[in-house]
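Please read through the structure below; I'll follow up with questions.
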Amino acid sequence: MIRAGIYGATGYTGYELVRLLARHPQVEVGFVTSESQAGRPLSVIFPQAPAYELVAAAKAPLDQVDVVFLCLPHAAAAPTAVSALNAGKRVIDLSADFRLKERTVYEQWYKVSHPAPDWLAAAVYGLTEFARAELSEAQLVANPGCYPTSILLGLQPLLAAGLPLNGPIIADSKSGVSGAGRMPRQHTHFVEVAGNFTPYGIGRGHRHLPEIEQQIRSWQPDAPPLIFSPHLLPVPRGILSTIYVNPDMVIGHRSSVIGEVRGLYEAAYEDEPFVDVLPEGEVATLAHVVHSNRCAIGLTMAGSTLIITSAIDNLIKGAAGQAVQNMNVMVGFEETMGLKS
Amino acid sequence: MIRAGIYGATGYTGYELVRLLARHPQVEVGFVTSESQAGRPLSVIFPQAPAYELVAAAKAPLDQVDVVFLCLPHAAAAPTAVSALNAGKRVIDLSADFRLKERTVYEQWYKVSHPAPDWLAAAVYGLTEFARAELSEAQLVANPGCYPTSILLGLQPLLAAGLPLNGPIIADSKSGVSGAGRMPRQHTHFVEVAGNFTPYGIGRGHRHLPEIEQQIRSWQPDAPPLIFSPHLLPVPRGILSTIYVNPDMVIGHRSSVIGEVRGLYEAAYEDEPFVDVLPEGEVATLAHVVHSNRCAIGLTMAGSTLIITSAIDNLIKGAAGQAVQNMNVMVGFEETMGLKS
Amino acid sequence: MIRAGIYGATGYTGYELVRLLARHPQVEVGFVTSESQAGRPLSVIFPQAPAYELVAAAKAPLDQVDVVFLCLPHAAAAPTAVSALNAGKRVIDLSADFRLKERTVYEQWYKVSHPAPDWLAAAVYGLTEFARAELSEAQLVANPGCYPTSILLGLQPLLAAGLPLNGPIIADSKSGVSGAGRMPRQHTHFVEVAGNFTPYGIGRGHRHLPEIEQQIRSWQPDAPPLIFSPHLLPVPRGILSTIYVNPDMVIGHRSSVIGEVRGLYEAAYEDEPFVDVLPEGEVATLAHVVHSNRCAIGLTMAGSTLIITSAIDNLIKGAAGQAVQNMNVMVGFEETMGLKS
Amino acid sequence: MIRAGIYGATGYTGYELVRLLARHPQVEVGFVTSESQAGRPLSVIFPQAPAYELVAAAKAPLDQVDVVFLCLPHAAAAPTAVSALNAGKRVIDLSADFRLKERTVYEQWYKVSHPAPDWLAAAVYGLTEFARAELSEAQLVANPGCYPTSILLGLQPLLAAGLPLNGPIIADSKSGVSGAGRMPRQHTHFVEVAGNFTPYGIGRGHRHLPEIEQQIRSWQPDAPPLIFSPHLLPVPRGILSTIYVNPDMVIGHRSSVIGEVRGLYEAAYEDEPFVDVLPEGEVATLAHVVHSNRCAIGLTMAGSTLIITSAIDNLIKGAAGQAVQNMNVMVGFEETMGLKS
């Protein structure tokens, strides 16, 4: 049994994490923080929440927990992470602060000085399926973004195989509204979203782009550039990425290419508890994954183009669920503990 | 041809009004105001908006218009109304500022001093179907609230007939989210609304309660009290009120009561272009009315209780459409002009 | 550890039950049936379903299970129930076949001969909170309907106290679309439902009406008639009933009445794991209950009318969850086993 | 003033057409047909419908109309078209029967013998903006499919310019549920669609693929193949296609390429009343187009990839609205008549 503290429990990700940890058989929740709602029960905000009282971060009993989770905005997470690390705690940061290895890239995309650049090297990028060895020793884990998780799990077996790819990799991604956070904004108003569907950040670049490209290059250094097109779906949760790549294979005819590609994916994921390579002819949908820590992956050829459909629940496998999965690996629990749906 | 100015064009009601007036064959839009967006085209906010540029209220060319519409918050509308009235313009106010006849009632419910109490007596309550005579001479029209319109049109024939009623009148009303305004709030966030359904303001009292009761008493001074229960529906627009009354009729058996009641409604509304009394066995739904200026009314008996279902589009018959309908009557245009769907 | 069989696993209720039983620590799923999909895995229909293969009912290994659940249409459930009962199995029937005590009432409302009238007397109406003693010995449990569960839990403490009530009891209920079943119909087409809100079965009577009235009379034989108005909400799941009653209390002023009523509810439900009486000023919403076995109850006075808001998830507390809760009581498991969210 | 007959008025497209024609100032609706609902008013199905009575097709007074619209299933439309053509009527067919020039291609994709192959050559493909000259003389117009309209309007200026393109053209398209028709099916059930998002027909090929490719080749015979990925959006109406192409331009740097491309689009569409090329930095969304006959087109460069976002209302510009636009051109009315929103 370990004890965990959650900084920033009143956002959608924070609450999902509280919910998961509250039912985890080997975790006790030590504290949940909120600045604006300190002193009130979490159930004031989420009526089904467990009976925890929110405390201000400064008053959180850090010394009584073993691991902390940070569900704070970027730039706010890093200083809290450093305090916890200095106190000897293991830290899983769900913000973007430790995802990018290059300080300059972070500062270019997030428009702030990095608050703790000395920790960048030590941070482990926690795409669990491909980080287990490092996770077991990690002090600081950068939990991947939601879009990156859906795209990277969808691409890894192909990229790791080193097949040359023609033209750009295109990821046409669609996300539910909880990905935009709980703070009310004009573009998350029900009346603006219902019945609508909107691309955003196309071309100019979404902040998840450098994160995805960093990982792509770690698997295939000369991979072609990524075109990333996020869209806002009128659903509360879930991400589906439709990914287009053109593998340059010697074998000419379609059935062989798809067979070879399918073999790569099945080999990569056959023992994975949370990644499902769907049978031939089946495409990934949100219904495969919402309210679960699963990633569903469909593979289809259209001419010489491979179309990968990859779906996750943005709040679970794309955030809180993967954070718990990372914690399980770090601490040595069974990886699926507390995550079966 | 007349010219109209619209104060507050960037809310949902304001925009709906702009849309209706832009296609009205006898109206030219003189100006549309916004404080925060002055200088920008309205289409920056609503991509299908006509090509009007927003101006600050202080710079609106009031002298160039014949009639003004106020889509401003309560307490902000009244001073603008007074300026326009003093300039000799006819004013249709879509806020609550002139709906309540008693200054003290207004101040009790809205928690502010009334900004223009001297105009309360002159204001005509613009439930068009029952205000035509006064409207033709009116300088100042208080456009009814959305909930009140659905409930009052559903009750008037019964109340005007003077039938004694047993027990309270119960209006269980359900409204789409645009009724809560365009300003983003926590409770209008897509993720909070989608998949949810919430009563609010029950018992303690919604601000539309005194407005509805004032009209009820004008038709039947000794009517029983109203129980008004608003609920938030996960749809962009539309209100459905399910109204329960117990008429105390001498005639004992059910078929006669419903026949008599139906006769009252058909007599009241048979020549009304925008109020449809539905045939026996049919209930009102949002599909009857959204995107139109119609009110659909269904009548059903259950034991000795009369159940009235009354549906409107909250932004049209419940706001902008009724405002145009009132303008048509005031100016002497055909009442349906610009309002056929 | 017991073994359970589920007849009719491809409807929304059947699948919810499979999902709950698959994670129940003391239950093993023995079989899941479907006529049209026999031989295929359940995951063909529900992509997140556990790995069970559907079998035709006639081939289900009835002898290998201890308890059976029937998620079959009315009239089809009863014969299957009788076969299982004759084989000595305990039966939880989620259809309407054994809910009404009077065969004639059943035949009048369902327009078929009752297939097994001899079992009506033995069937226990499984509104768990008020049936524990009978459940522990029951061979046959009639699992309550979804609307009845929301309304009856909302009324029981008041009715059981024997307070005289004036005028009818009005239940204005709103249900998500899964309550209409998985078979596609015109009125469940996405385009018909989205953006719409529709009353149905008002006045003429919904089939749940006699079921509710039967229970009401069992608690207060001279209770006034029930007016039951179901509405179709554009959400997948959840029921909210807004219930209006007029208790005839000697004590005149409002604060005392509500205090007294609140006392009744708190006394009735204080030890109940799945029924929450909400604090003063809070109303029940779907967000309190979806994806859980909870019933949330809010209490408000408006004049002399008591407004009870009662919310459940129609598929869980209104069907599959309550069925598992009943099984737990029947078998002697902890009542909340497998039902914590 | 002309008279029009509508075959198949009870589907979503048929009703939208009735609605548009009923308010068209120069059209009188001569008849509306339905086999299953003959004899009943259209308002039984669509509560806001104009007061027309449905007749069986065989009883429709064909001799009293000038033009007929066919909103019938494929293979059923062609024989009706032939009858009307033989009677000297002008025909606008909204089915797929006359869209493909090659009979064999039709038969391969639709799995039926073509009912009227002799008329294929004479049929004009009615993508209005690029068919005006032929439309004015046409007897038979094949109204384009909804997906094709969104994709083709988004591609024409680029393809007509003859710029060489690298790699495939990718159209990642998302459609509202009305595109699947009004007949209830499992995949259009509200509970299956709400909160979900599903690719379908990817790779194996949707029937709109040959229609789109036929037009693409007519503009650029050596254009690369099209990869077409349709997805089902949880909204009632609207299509957004996100289209990826790689123009092989000599000019190297991005600003010039996008500038040149933008010039092509602005030149092509500057006088078009229904096609809007959005300003730089703006992407097309459903909110730009629903309930209108508009097509909104956004242009963005990402590296050397041009991303075209193209949005229409599938029932209007993608079906009934374009049919009316075609009729206006055929008859010589002002092209926008009856289509201003």
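Order of writing sets the labels: A, B, C and D. Residues in every chain begin at 1.
The definition used in the following text is that contacts are C-beta pairs under 8 Å (C-beta built on N, C-alpha and C of every residue); 3 or more make two chains touch, one makes a residue touch a chain.
What you see is a predicted model; the values in this text were computed from it and never measured.
Asks: Counting only C-alpha atoms to place each centre, which chain is farthest from chain C?
Replies: D
Asks: C-D versus A-D: which interface comes out with more C-beta contact pairs?
Replies: If we tally the contacting C-beta pairs, A-D comes out ahead.
Asks: Could you give the separation in Å between the centres of chain A and chain D, each centre being the mean of its C-alpha atoms?
Replies: So the centre of chain A lies 39 Å away from the centre of chain D.
Asks: Between chain A and chain C, what is the gap in Å from one C-alpha centre to the other?
Replies: 38
Asks: With chain centres taken as the means of their Cα atoms, state the distance from chain C to chain D in Å.
Replies: Whole-Å distance between the two chain centres: 46.
Asks: Indicate the residues of chain D shared as contacts by at least two other chains.
Replies: Counting only residues that touch two or more other chains, chain D contributes 192, 194-195, 234-237, 285, 287.
Asks: Going by the contact rule set out above, which residues of chain B touch chain A in the complex?
Replies: 12, 177-178, 182, 184-186, 188-195, 234-237
Asks: Please give the residue numbers of chain B that touch chain C in the complex, ascending.
Replies: Those in contact with chain C are residues 166-168, 170, 172, 174, 192, 194-200, 202-204, 225, 227-229, 231, 233-238, 240, 242, 244, 246, 281, 283-287, 290, 298, 300-305, 307, 309.
Asks: Quick one: in the complex, what on chain B touches chain D?
Replies: 23, 46-48, 194-195, 285, 287-289, 291-292, 294, 296, 340-341
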